[in-house]
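Two complexes, one shared chain (subunit A), two partners (subunit B, subunit C).
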Partner chain A sequence: MDPITLFSIIKGGLVLGALYALMATGLSLVWTTLGIFNFAHGAFIALGAYVAWQFASADAYGLPLGLALAVTTGVMFAIGAVIHFLLVKPFERRADVVLITVITTLAGSAILENALLLIWGPRSKQIPELVEGTVAVAEFQLAWSEVLLLVVVLAILIGLGLFLRYTRPGRSMRAVSQNREAAQLLGLDVPIYFALAFGLSAVTAGLAGVFVGTIRFMNPAMGAEPLMKALIVVIFGGIARFSSPIYAAFIIGLLEAFSIYVFGLYWAPAVLFLTMIVVLLIKPEGLFGKYQRTL
Partner chain B sequence: MRYDPSLHRTQGLLPLLIALAALIVYPFVFDATYFRHVVILAFVFAIVATSWDLSLGFGGLFNFAHVALFAVGIYTYAILAKTLGFSPWLSILAGGGTAAFVALLIALPVLRLDGIYVILVTIALSQLIYLVVISSSDVTGGTSGMVTLPTLTIGDYRLSRDGRIGYYFVGLALLVANLGFLYWVTRSRLGRSIVALRDNKYYAIARGISEARTRALTLMASAVFTGMAGAFYAAYLRVASPDAFGIGFLTLLLSILLVGGAGTIWGPVLAAFAISVASEWLSGFGAWQNIIIALAIILIVVFYPGGLWAALQELRQAADGARTSLMARWRRRERPAREALTGAPERMLETPHGSIAIADTGGDKPALLFLHGNSACKEAFCKQFRAFSDAYRVISFDYPGHGVSSNADPETSYNIPAYAEIAETVLADCGISEVYVFGWSLGGYVALELAARGNITVKALGITGTSPLNMVPDDFGRGYNPDSHLVLASKQYFSRTESDNYANSATAPISEESAFLHRNLRRTDGRARFYMLGRLGVVDWPRQMRMLREGRIPFAILNGSDDPFLNHDYIARLKYGNLWNGSPQDIPNGRHAPFFNQPDAFNLELFRFLKSADR
Partner chain C sequence: MADPILQVTDLSGGYDPVQIFRDINLSVGAGESIGIFGPNGHGKTTLLKTLSGLIDPWSGDIRFDGQQMNRSGARGSRRWQNFNYDAITRRRMDPKTVARAGLIHVQQGNLLFPELTVDETLSISTRAASGRQGWSRADVLGLFPRLSERLVHKIRFLSGGERQMVSVAAGLLSAPRMLILDEPTLGLSPKVRSELCDAIVTVRETGLPIILIDQDVAFLERIIDRLYLFDHGRISRVMERDEIPGHEGLMAMLFGEVT
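For the complex of A and B:
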């Protein structure tokens, strides 16, 4: 393997890892806070891409990219909160809440995807690249868009981490997820923090969707495959800490990039799933997880 | 004390046979291929959804790789029947076998996991199977799948001919076999273990159920017919495509399962038909089709958490409530006959628990209140009305949902404290503050509750056919004979046989004299039985026992010596502070209603007790 191939594999792995980290963080945020698995996360990814396209694309409103991203963030947050109040909140006191929310978020995902189909039609679209051009150091080529993706994703994740760690609403949200009853006794408005977690999760999914939309063609079902990857990442890394899915995402991203090189495009996903299952068999709580008897 | 008779002994058999007959006639009435096609798909979905219910609903094991088992059946058929040239019929059977084998493989990682992890891992496993299928394109055809699979034939007759009628009946037979299998499994030892592990895992394990073995068997049992349905589906459509792994198919099946009602066999079958027909009907609306179905699923989950099956039960309950309520109104017209039986005038009293029918001999004599048993009526004491009315003002009333009283809100009115409250209202209405109380069976508990509440001065307290309880439900099993027809006491709907059995044991074998007691079973609001026993927890049982131990009220137990329901030893062992004659008194040859079977001996004993209580 020559250095340029190795460099491009690692570069691809890091880009994938950054995307997966963004998706998986949102997924695990909802999981740790609400204790449910959000199957509409994939639809959020597609929705974010389409909303950003609507505002940013020259074929539609053609707003400046920064403004379009800000609008997308706002829209995604609102939709995430609304989805929480419609699809999750009514069931949170039920004993079978995990199963019920699986079906309601699956149904919500079907509604969102078909709504995208109705609004924007089946034709594939693509978001214009955020920045153009490449930077080259000796023979190693790196597109500016890739650099930007890595920087922005890391900035978002660090920002989210700081928010959860040092701000009052972030700490309250963690309190709610750790002990709902105690948090309630302290006067925290639990449904609001649940909605906040859902909204933030939707924002990360939407932004991940924007990046996916710049790399690939968009269609309403584009979120399904990233959702599966986010799922692998979350299970692989565990959800013990905010950072566990992020490390796991980069490991999975690099593993995928190398598997594609070694086993080919078709077998690479199978390698990932197999890795995940092996990890689960040996350490069911995830690679960075702490042992818990039940969720 | 779980009463769970087999299907042919309940009312479930007839609707089932009617449904089966309708499905057999259907293809001859609607001979358009399209109509049959929709129902054949519904058969397949029903098989897959009900099988899934075994692991998900009954077992609480969220196996989201179930759809992959279906796909395994499809590809087994495709590879065996087309590539290897096996007989299509054998390939269908083999589909069940390979699916069960794959289920065993799925079971291995799942054995160690719980809750949401099972969902995630099984989704991952199903994706893994999917990836293996599309990656080995030289065997499975990859993403484009396999086409022109061999069709099913009997001799030279191709089942797709004559408007696919052959496939229709093979599908129906497969569905019937699947339902029979599930019915058998859920009632078997394995099925009980599956439910026990779901309801209380650690208790079940402590009772010697192997979690690993049961989980593996659950998944395998749910896989057999799923795989066969997959193979049949492949033989019918003659295509094997990886679409079967898709999230769309998963959503469809999961919605059939939840809309039908998880944890029931029949609910998902109904939902399979409803959703396939609705989905076909909406197929002209493009993207709106999926939106409408998804919305409907959410609405059903919100408003009918138990699914269609629960909705159907509610409907049945409402119909039964309306029927019994009408029957009570109708029977109010027979007042003269009832008054002739008891010799006491009857009147209606409006209470917060509905209008209550009271029989009251009146007069300025000491009051004696009789409280009747479950699914009976105040006229059960007709022989006491006649015997005691010279010396006492005899009063009795029908509980709500019983006799000619109206039906009432089951949540608030069908429980023992509510009945005691009604007794207080009735006595207040009669202007009585001191009373002798005698209660029979359920009425015995009402009598104990009435005395323990202490709002009315009870001068003497007698019970028959009642086991005083310390701890519920534990003492319930000790105080009664669980092999008797008492297991029927909380059953909401009675079949003819059950109704006869219960009335024979609880009152008297049917005769001209006891016919009016047997008539009560058809009138009694089924919810009164179901809620009364379900709400045993609202009674302060220790307070009743404390009252009996303290012995401020003279107390007598007059049981039939041949009472089929009671555990006489249990009753004799309890501690009483002021028990008449020091022990429970047996009425020779008396049954659960000794005052009706052996009126003379009973009346004499009761009379002696009441006299002794006055001293």
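For the complex of A and C:
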């Protein structure tokens, strides 16, 4: 393998890893805090892409990209919180909440995807590249948009990590995730922190969708495949701490890039699942996981 | 007596469909403390969980600090639960509202937040006390000097006694008007136990009302003004502090004379 090929595989793996990290973090945030699995996460990915397209594309409102991203963030947060109150909150006190919310979030996912189809139509769209041009060192080429993606994703993840660790709402959210009853007895407003977790999760999914929308063509079901990958990442990595899905995401991203090169595009998912199964056989709680779910 | 700070009237409850306690009447005046004494498994902890709103009461009223804690009309609305419709109906009691009113429940064997450090736990517990005599972080660290050395440690690495101290400290920081302590000294080594007991006596001396459940009559006598004897989900007897007949006497009241 020549160095340029190797470089482009690693580059591709890192970009994939960054996207997976963003999506998996949102997924595990909801899982650790609420104890439920959000199947509408994939629809959030598509929704973020469409909302950003609506504000940024020259065919629609044509706002400057930065502004469009800020608006998308706000919209996604609000939608995430609303979805929580509609699809999860009403069933919170039931013993079978985990199963019920599988159904409700799946339903929500179908409704959201079809709403996207109704609003924006079936024609494929693409978000304009966030920045243009490439940077080249010797023969190694790197698009500025890829650099931006890596930087932005890392900034978001670090920001989220700092939020959870050092701010009062972030700490309270962790407290709620670790012991709901004790948090209530100290007067913490549990539903608000649940909505916050859902909102933040929707924001990370939406931003991941924006990046996917700049790389590939958008369609309402575009979130399904990334959701599957994010799921593999979460299961593969375990969720002992905030950072474990992030490491796992980069491992999966690089693994996927290499297996596409070695085994071809069609075998790459099989390799990923096989890796996940082997890891789970050896370490059932995930590569970095522990048995309890905490944040 | 002035208006009681906590007034519990004809309270019944349990885990549907099993009734755990019935017809509980308690009244705690401002600055007063009470104790509840009774055998294990008779529903003391369930009663406390109902007072703090973790479990909905079946019937009866809980008034704290002049405020009705359970939503009115409680008697009739249990019917809703039989429709298994409680997912949509709002709860009749909300632990957050109870806690913010100042009734702070320190649970038995409280695990708190295993992955949070002591420092983080204290920081999220701190609530501004509007018009209440509040405890500051420095105050609680003065009360539990042990915790000062443990600030950066995660709670799951603490000993049982230290964990109990963090629980009480977090309760004190949440602007309490009354503390509920559920067997705070259970399973602690004698040294840690006496440290914790002394700290609770200090808290009591500030005039903060306490509801204390404990099996140690000598400790109860240091804290409380009145003792409620709890037997098979009912209050079988109420006595002032100087009427308490000691541990043996209480056991005799509960189980009859042992020959």
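A few points about this structure:
In this section, the second predicted complex is superposed on the first by the 290 of 295 C-alpha atoms of A that agree within 3 Å, B and C clash if a C-alpha of one lies under 4 Å from a C-alpha of the other, contacts with A are read in each partner's own complex, and residues count from 1 in each chain.
Note that a contact is a pair of C-beta atoms (placed from the backbone, for glycine too) under 8 Å apart; a residue touches a chain by one contact, two chains touch by 3 or more.
Not measured: the values here are computed from a predicted model.
Shared-chain residue A:G108: touches subunit B; no touch with subunit C. When the two structures are aligned on the shared chain, A:V82 is found in touch with neither subunit B nor subunit C.
Contacts of A:M276 after superposition on the shared chain: subunit B is touched, whereas subunit C is not.
Within the superposed three-chain model, A:P284 lies in touch with subunit B and out of touch with subunit C [touch as defined at top]. When the shared chain is aligned, subunit B and subunit C each come close enough to touch A:P90. By the touch criterion defined above, A:L150 reaches neither subunit B nor subunit C. In the superposition on chain A, A:I10 makes contact with neither subunit B nor subunit C. By the touch criterion defined above, A:V98 reaches subunit B but does not reach subunit C. Of the two partners subunit B and subunit C, more residues of subunit A are touched by B. The residues of subunit A shared by its contacts with subunit B and with subunit C are 90-91, 94, 294-295.
Remark: subunit C residues 52-54, 86-88, 91, 95-96, 99-100, 104-107, 110-116, 120-121, 123-125, 127, 170-171, 174 touch subunit A in the complex.
Those residues of subunit B that touch subunit A in the complex are listed here as 56, 62, 109, 112-117, 119-121, 123-125, 127-128, 131-132, 134-135, 247-248, 250-251, 254-255, 258, 262, 286-288, 290-291, 293-295, 297-298, 301-302, 305.
Contacts from subunit A toward subunit B in the complex involve residues 31, 35-37, 86-87, 90-91, 94, 98-100, 102-104, 106-111, 113-115, 117-118, 224, 228, 231-232, 234-235, 266-267, 269-270, 273-274, 276-277, 280-281, 284, 294-295.
Note for the complex: subunit A touches subunit C at residues 90-94, 168, 171-172, 174-175, 178-179, 181-190, 292, 294-295.
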